[in-house]
Amino acid sequence: MAKAIYLDHAATTPIHPQVLEAMLPYFSQKFGNSSGVYALAQEAHKAIDEAREKVAQVLCCRPNEIIFTSGGTESDNTAIKGAAFALRKTGNHIITSSVEHHAVLHACSYMEKFGFEVTYLPVDKFGFVRVEDVERAITDRTVLVTIMLANNEIGTIEPISEIARAVKACAGKLDREIVVHTDAVQGGGTLDMDVNKLGVDMLSLSTHKFYGPKGVGVLYLRRGTPFDAQQVGGGQERNRRAGTENTAGIVGTGVALGLAAEHMDSYNEHCRKLRDRLIKGISSRIGGAYLNGHPTRRLANNVNFCFEHLEGESILLSLDLAGVAASSGSACTTGSLEPSHVLTAIGVPANLARGALRLTVGHDNTEEDIDYVLSILPGIVEKLRAMSTTAQLI
Amino acid sequence: MYSEKVIDHFMNPRNVGQMEDADGIGIEGNPACGDIMKMFIKVKDGMITDAKFLTFGCGSAIATSSMATEMIKGKPVDEARKLTNRQIAEALGGLPPVKMHCSVLAADALKSALEDYERKKAAKTTSAGV
Amino acid sequence: MAKAIYLDHAATTPIHPQVLEAMLPYFSQKFGNSSGVYALAQEAHKAIDEAREKVAQVLCCRPNEIIFTSGGTESDNTAIKGAAFALRKTGNHIITSSVEHHAVLHACSYMEKFGFEVTYLPVDKFGFVRVEDVERAITDRTVLVTIMLANNEIGTIEPISEIARAVKACAGKLDREIVVHTDAVQGGGTLDMDVNKLGVDMLSLSTHKFYGPKGVGVLYLRRGTPFDAQQVGGGQERNRRAGTENTAGIVGTGVALGLAAEHMDSYNEHCRKLRDRLIKGISSRIGGAYLNGHPTRRLANNVNFCFEHLEGESILLSLDLAGVAASSGSACTTGSLEPSHVLTAIGVPANLARGALRLTVGHDNTEEDIDYVLSILPGIVEKLRAMSTTAQLI
Amino acid sequence: MYSEKVIDHFMNPRNVGQMEDADGIGIEGNPACGDIMKMFIKVKDGMITDAKFLTFGCGSAIATSSMATEMIKGKPVDEARKLTNRQIAEALGGLPPVKMHCSVLAADALKSALEDYERKKAAKTTSAGV
């Protein structure tokens, strides 16, 4: 491969050198199990405490409201099951949106097996959930509202604080407890994460999305929120998530989130420039290319287009062979045969939805990278369209 | 994920395009994945002298179409009829399990084209016999 | 600290240098999300496949029967919930033992909230579960039997293959499906893990117990075993455990388990020598010291004593200040106020149970280490007994 | 986990042992954790001239016993009576939250010893008065 341009930062990111450096001592030297009495264990304990404080600082919450998990998927699953089971006696209704990540959608349908009913709210053509829709969906059986902070496919940033405020107002009127969770995995480190401004009770993060390690994540759990622990065993994480702590991963989470928060503005500025260059370039050079999501109210690093008469994987493969790593949507549905549920939800017709290309920029990308992509993409699209049954014949 | 041969046939697909004077045309779509393949054959004296394709689909859909057309060119119709999806996949050095259905689609499109050819031939013979 | 002798290998182990070396490329270079189409992702995918094959080799099973998890606790939770929920329509009875790790005990009591009944089998004075007890406990509502392979506190090795055989025979007679799970976390890499010889349907491992990283584990799931996925979301791990894979951790698991299997005999031999030296030394030099567990049918690295008139933490603290890291039982109950449920189950009186000391040897320990411990321990015990109310007065 | 002062008082506990001719003895056990502390005091002219302890318990149980005896030695009984568990913990540079109950136990044992002393004194006065 001549070039190597990585444009799939929404799927995962490389570990920042400073993060890895901070993690290294916890593999073979300070390897103690944090539960022990001895010095080696107390070192680990302290490192975990420090990471917890750093994360709490970024989220503007108390350290003991932070639970470390194995990633965004566990955080989402635990939040949804933990709150819904805890409130089971008061209701059985969950509200979510039709553009959530599968970690949320499938966790909600998991709850259906236990008698819960789930409302999957529609979204507008940009992918926005309407606050009125949330309000209207609330019933006297509602226990949980879970709406993502930003969409992983099309980058749409949902109005979470408005939604949370509306939910809390309705809950007040109905005199019931309704927990608000947000899957903030795609906003981790790039959006304001102040849980009080957001007004949420629970929030999920996944460390590998902000230049930290894979296999570790965060669940913010507001004090007093009804919650049944899901992973049970030893008393770790104050009995809310059992299991020997992944010390290195937790340390990495603290450092990575701290770095991201520190450099948030310049990082977003850097990404936004590249994003807009990509969007403008593709729109002007390629016909039959439609931008998915909102032009500006989207993640600073997210570009998502559908190309008429094309199929996503063949674009990805062509790009890969030209040294560019990209995605057709969420990482875990790549290779799946169905059109993206997100694109379907915003009204993209099935055939067009299959021609989706997501380019998500990051730290190491340059304008040259973008220009290179813009120089090869028109040729790729043209070549594939020349072979396409639908372009030629239908 | 893909073998070198798949990549080769994806990047440099053989026999792409339409055929104006085809003797048989087959079109197959897989509702499960939305891929659509169209195959064209030219037959002379029971031999397939040319084959072309158009495909809307993933990398392996394109590669299997390309390989299928290559495999039947210059072959007698009777032999082409026996071509299986496994043989196409094998000729490509294998396909990932989730992509085997592409080879099925290619084999089906080819079969449709051959059937179309037979039908047209029968029609011609009949009309000639009248 | 002058000395630094680590004798808590049952709690966790340092990462083996070769394991860390194998992991390193997957942090910042080969960091791709394994679900992608492009080369970087396929590298990760391949590395995960290879790790899966290595683990399968050690367990003598098919690669696709291996599920990577976030650790032993998740493996235990997922096994128990996954099988019990899947068989919910056929029954609601779970059999386990009273000496299991809390990850199993609490997962079982979690199921009680869903209408399951749990039988906690007693054990004999060495901690052995009796096969007849298991047989007798089986009813026409039993769906799951979960018994650990080896005990984390006292090292007792349970007769799992006999138990599994007996369960399967009973299940056959009753014409019902009863899943057999074993928590093999403490036997990982040191006991024979051939799942067919063991006869189990599910088996849990935690990588940090065999010189691999924390935060990653294995669940073996025999083909055809009824199982409802617990962590749901993206289609990872063939829809049995969602979440972006911890590539580095999974690679580390493959290498660590492979190394352990390769050197199993010499490692066990090394540990057994040190273990027996410790047991002999303590028994002969310290009065009022009682060995917990069986003298020989125990893990090669496990020593566990109770000392009359002493309290565990004060021994640990004294040892720590002399440079020796040890535990009073399972890592996660250290610091808890209750006497160990395992010691209680084998009949140790409450007061004596509070004076427990677990020493678990490992790779880097030497005879000199053992002799050092044997040289200081009698003095520590004596000094503490001189202060002890119970020794002096009661 | 523990402050340096806790470690110091654990490793070099002051005033360990029994006291044959104690003026007051207090024994307290915490059923929650099983720790047992016994404290002995010697009083002369309303001043605590000596104190000793025995403890079955964890590191902080030993350290708090040691510190408590140190803090009351040479103090008037009236002042000793006012010693709180917080003061003991503070004098040790703090205790981990899960270990605060040890300081409570130490304060309680001390209180018992003082009460025992008062009781004995009252008994003596009474019998002397008879």
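Labels A, B, C and D are assigned to the chains in the order they are written; within every chain, residues are numbered from 1.
Following the convention adopted for this analysis, a contact is a pair of C-beta atoms (placed from the backbone, for glycine too) under 8 Å apart; a residue touches a chain by one contact, two chains touch by 3 or more.
Owing to the predicted nature of the structure, the values given are computational and were not obtained by experimental measurement.
Enquirer: Based on CA centres, what chain would you say lies at the far end from chain C?
Expert: Most distant chain from chain C: B.
Enquirer: Between A-D and A-B, flag the pair that has more C-beta pairs in contact.
Expert: Of the two interfaces, A-D and A-B, more C-beta pairs touch across A-B.
Enquirer: What's the distance between the Cα centroids of chain A and chain D, rounded to whole Å?
Expert: Distance between chain centres: 56 Å.
Enquirer: Taking each chain's centre as the mean of its CA atoms, how far is chain A from chain C in angstrom?
Expert: Computed value for the inter-centroid distance: 33 Å.
Enquirer: Please report how many Å separate the Cα centroid of chain C from that of chain D, as a whole number.
Expert: Those two chain centres are 42 Å apart.
Enquirer: Which chain C residues touch at least two other chains?
Expert: Residues 37, 313, 317, 335 of chain C touch two or more partner chains.
Enquirer: Can you list the chain A residues touching chain C in their complex?
Expert: 1, 4, 6, 8, 11-17, 20, 27-29, 31-33, 35-41, 69-74, 76-77, 85, 101-104, 106-107, 109-110, 113-114, 206, 208, 213-216, 230-236, 242-249, 313, 316-317, 319-320, 324-328, 330-336
Enquirer: Can you list the chain C residues touching chain D in their complex?
Expert: Chain C reaches chain D through residues 309-314, 317-318, 321, 335, 337, 339, 350-351, 354, 386-394.
Enquirer: Show which residues of chain D lie in contact with chain A when the two form their complex.
Expert: Of all residues in chain D, those touching chain A are 1.
Enquirer: Per the contact definition, I'd like the list of chain C residues that touch chain B in the complex.
Expert: Result: residues 37, 42, 45 of chain C touch chain B.
Enquirer: Flag every residue of chain D that touches chain C in the complex, lowest number first.
Expert: 2, 7, 10-11, 13, 16-18, 27, 32-38, 53-59, 61-62, 98
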